[in-house]
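Below is one structure, written out as structure tokens; comments come after it.
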Amino acid sequence: MTDNDSAAAADENLDVSNLPGGAKAAVEAVLMVLDQPATATELAAGLNLTVAVVERLLAELQREYNGYTVKAPDMDVASDAGFSASPRGFELRNIAGGWRIYSRTDFADIVGRFVLEGQTARLTQAALETLAVIAYRQPVSRARVSAIRGVNVDSVVRTLTQRGLVEDAGTDPESGAVLYRTTSYFLERMGIGSVAELPQLSPHLPGLEGIEEFYDAGRM
Amino acid sequence: MTDNDSAAAADENLDVSNLPGGAKAAVEAVLMVLDQPATATELAAGLNLTVAVVERLLAELQREYNGYTVKAPDMDVASDAGFSASPRGFELRNIAGGWRIYSRTDFADIVGRFVLEGQTARLTQAALETLAVIAYRQPVSRARVSAIRGVNVDSVVRTLTQRGLVEDAGTDPESGAVLYRTTSYFLERMGIGSVAELPQLSPHLPGLEGIEEFYDAGRM
Amino acid sequence: MAESKPGFEVRLANFTGPFDLLLGLIAKHQLDITEVAIATVTDEFIKYIRKLQKLGEDWALDEASEFLVIAATLLDLKAARLLPAGEVEDDEDIALLEARDLLFARLLQYKAFKQVAGLIGETLEQESRRFPRQVALEEHFAAMLPELVWKHTPGQFAKLAEAALEPKAPKPTEVGLGHLHGSAVSVKEQAEILGLRLQLGNPLSFRALIADAESTLVVVARFLALLEMFRDKVVAFDQLSPLGDLTVHWTADGQDWSTENLSEEYEEQP
């Protein structure tokens, strides 16, 4: 794909403009999967572009999504004076300096209806168990919770985060994995003042260290 | 586009075609908030559209994102014969029966710098082979997989379960052994719609079915 | 190359050439069949068949079944050579030959899975280069979610945590009879191990006694050993609740005990 075979620091050498769709598509690719808003500076650093270029691309994408401009096939550059197309179902917003793609506000009713469908007010057993593990072993990574529960917990952790019961507690300095902890909303729902007030578990349960060894041995 | 004017319930009354960007943008808006793949049927239900219409819109979006077609401003409908634009930084894929937005492969290196999570460690050869046997022989017991692979697979199966690639599929009525099958997450990770899309096993070994019976008879 | 079928060639440490020639040489006793690595032949053959399929040859299936027949014969030959008397007559010999065929069939099957495993690995690798959009719900949508129903007291929640944190016992799996031939586990040896541990004085749970068992077979052997030791009145069992932990006590204080006393019924080698 790229001819960075001679790249000493392969990372630094990547030229996004050689990729299909160019730098603009690269910015788009990142924005599309990014959970947290990113600043132009953060984007520029990861993309090997200058902040000025990223800012121009962001503005271009924003206009494109809003339907004000479309890159015509026979033009080399997008033009503001270009023809107008329909707006997309999503928009690029800059909130407090961070950029993120959201669903377009016009569709809030439809999206809201879609989101609510099939939502229950109760946590599933899987979600409860995962919450219990996080509560007693926090701060803990998803991989560790998976190891303890024996199943993949990614989507359950997302649900718990969405429900405001658990939150990001920084990253593990060693593995770089995101760690999770329970929130004050969780304490509120439990009716306790702090995690220290959670009932003690029976002492025969292996500590986190024990579990770690036990399960890591099985990891391939 | 749809003439559902006779819809009784108020929230059934919403006609997405009146909104900017129309039904296509509405589909797009919903795709933006999905955290797991959605089927055309689910989308249709939420959007008050027929499955056929949703399927057509999804196909149109897919082509658009791939840069094969763009709705020209002076045309009323998107045309396949339309001009070709640059591919977007993302793509729309139909996987494990559901639709979902992905960043385009070309930008994997760049996106990977921003998205640390979800990047899972590669599976070992042992795990891959075990996964292959389970995928092709499901539902299958660990003992059966062990017999085929010639080694104990307990810890590997545990790893695969933790990774969410295989799951418990009940017990064998005869032996009482736990049976395993692959998950829809496995399909997602493979980028396929169903296990039927896995490469055929028989070309690699003509007459395998015969061997299987022979082998089973020999085991008892 | 295109004008005639290339034919299957074998490349071994001690022979390179067409498969037919290999068979001929073996038949004429010019090559020792016991020196032929069947696994390598199989590898080569599968490679060959795949090449044919890529070329779109539709007789690949015929070739394959032919190969199976020949390979089986080859195995017969090899087995016959390895048998002390060099003859394949009585039932035992035939059974042995069948076992070898079986082994070979399994080898082929194993190779097939190995290959698709490679393909699955490649696909997973490729797919991991795509990242799905799975962002958290936008705040205004999250705010629309119905208020959570929460009915757990801290005590109930702790119970839930205990259950979730309890190390999971491996799920039951059937006892593969195949292993019995592979590695014999001696009940006597296991009894020896258990005896030494229990004579230290502390009662131990069955779970603890099998914690280091490297296979199901060892677990079974230890279980049988305990039954034997119970019969010899050197151990006693305690179980507080049905399906609860089984505790084993050593009861043969000071008394001489040796595994030599164990009955022989499990020690018969097939």
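Letters are used for the chains, namely A, B and C, taken in the order the chains are written, and counting of residues starts over at 1 for each.
Keep this in mind: a residue touches a chain if its C-beta (ideal position, glycine included) is under 8 Å from a C-beta of that chain, and two chains touch if they have at least 3 such contacts.
Computed from a predicted structure; not experimentally measured.
Undergrad: Tell me the shape of the graph of touching chains, choosing from line, ring, star, complete and other.
TA: The chain contacts form a complete graph, every chain touching every other.
Undergrad: Greatest Cα-centroid separation from chain C: which chain?
TA: Centre of mass proxy via C-alpha means gives A as farthest from chain C.
Undergrad: I'd like the most central chain, judged by C-alpha centroids against the all-protein C-alpha centroid.
TA: That would be B.
Undergrad: Mind checking the centre-to-centre distance between chain B and chain C? Centres are C-alpha means, answer in whole Å.
TA: 31
Undergrad: Distance from the CA centroid of chain A to that of chain C, rounded to the nearest Å?
TA: Comparing mean C-alpha positions, chain C is 40 Å from chain A.
Undergrad: Distance from the CA centroid of chain A to that of chain B, rounded to the nearest Å?
TA: 20
Undergrad: What residues in chain C touch two or more of the other chains?
TA: Residue numbers touching two or more other chains: 131-138, 141.
Undergrad: On chain A, where are the residues touching two or more other chains?
TA: In chain A, 32-34, 102-103, 111, 115, 150, 158 touch at least two other chains.
Undergrad: Spell out the part of chain A that touches chain C in their complex, as residue ranges.
TA: 32-35, 100, 102-103, 108, 111-112, 115-116, 119-123, 128-130, 132-133, 135-137, 148-150, 158, 161-165, 189-192, 197-202, 205-206, 211, 214
Undergrad: Could you list, by residue number, the parts of chain C that touch chain A in their complex?
TA: Touching chain A: residues 131-138, 140-142, 144-150, 152, 154-155, 157-158, 160-168 of chain C.
Undergrad: Over in the complex, which chain C residues touch chain B? Could you list them?
TA: 46, 49-50, 53, 60-61, 64-65, 68, 98-99, 102, 105-106, 108-121, 123-138, 141, 170-178, 215
Undergrad: Name, in rising order, each residue of chain B that touches chain A in their complex.
TA: So the residues of chain B in touch with chain A come to 11, 14, 16, 19-22, 24-33, 35-36, 43, 45-47, 67, 70-71, 73-74, 83-90, 101-104, 106-107, 109-111, 113-118, 123-124, 126-127, 155-156, 158-159, 161-165, 167, 183, 185.
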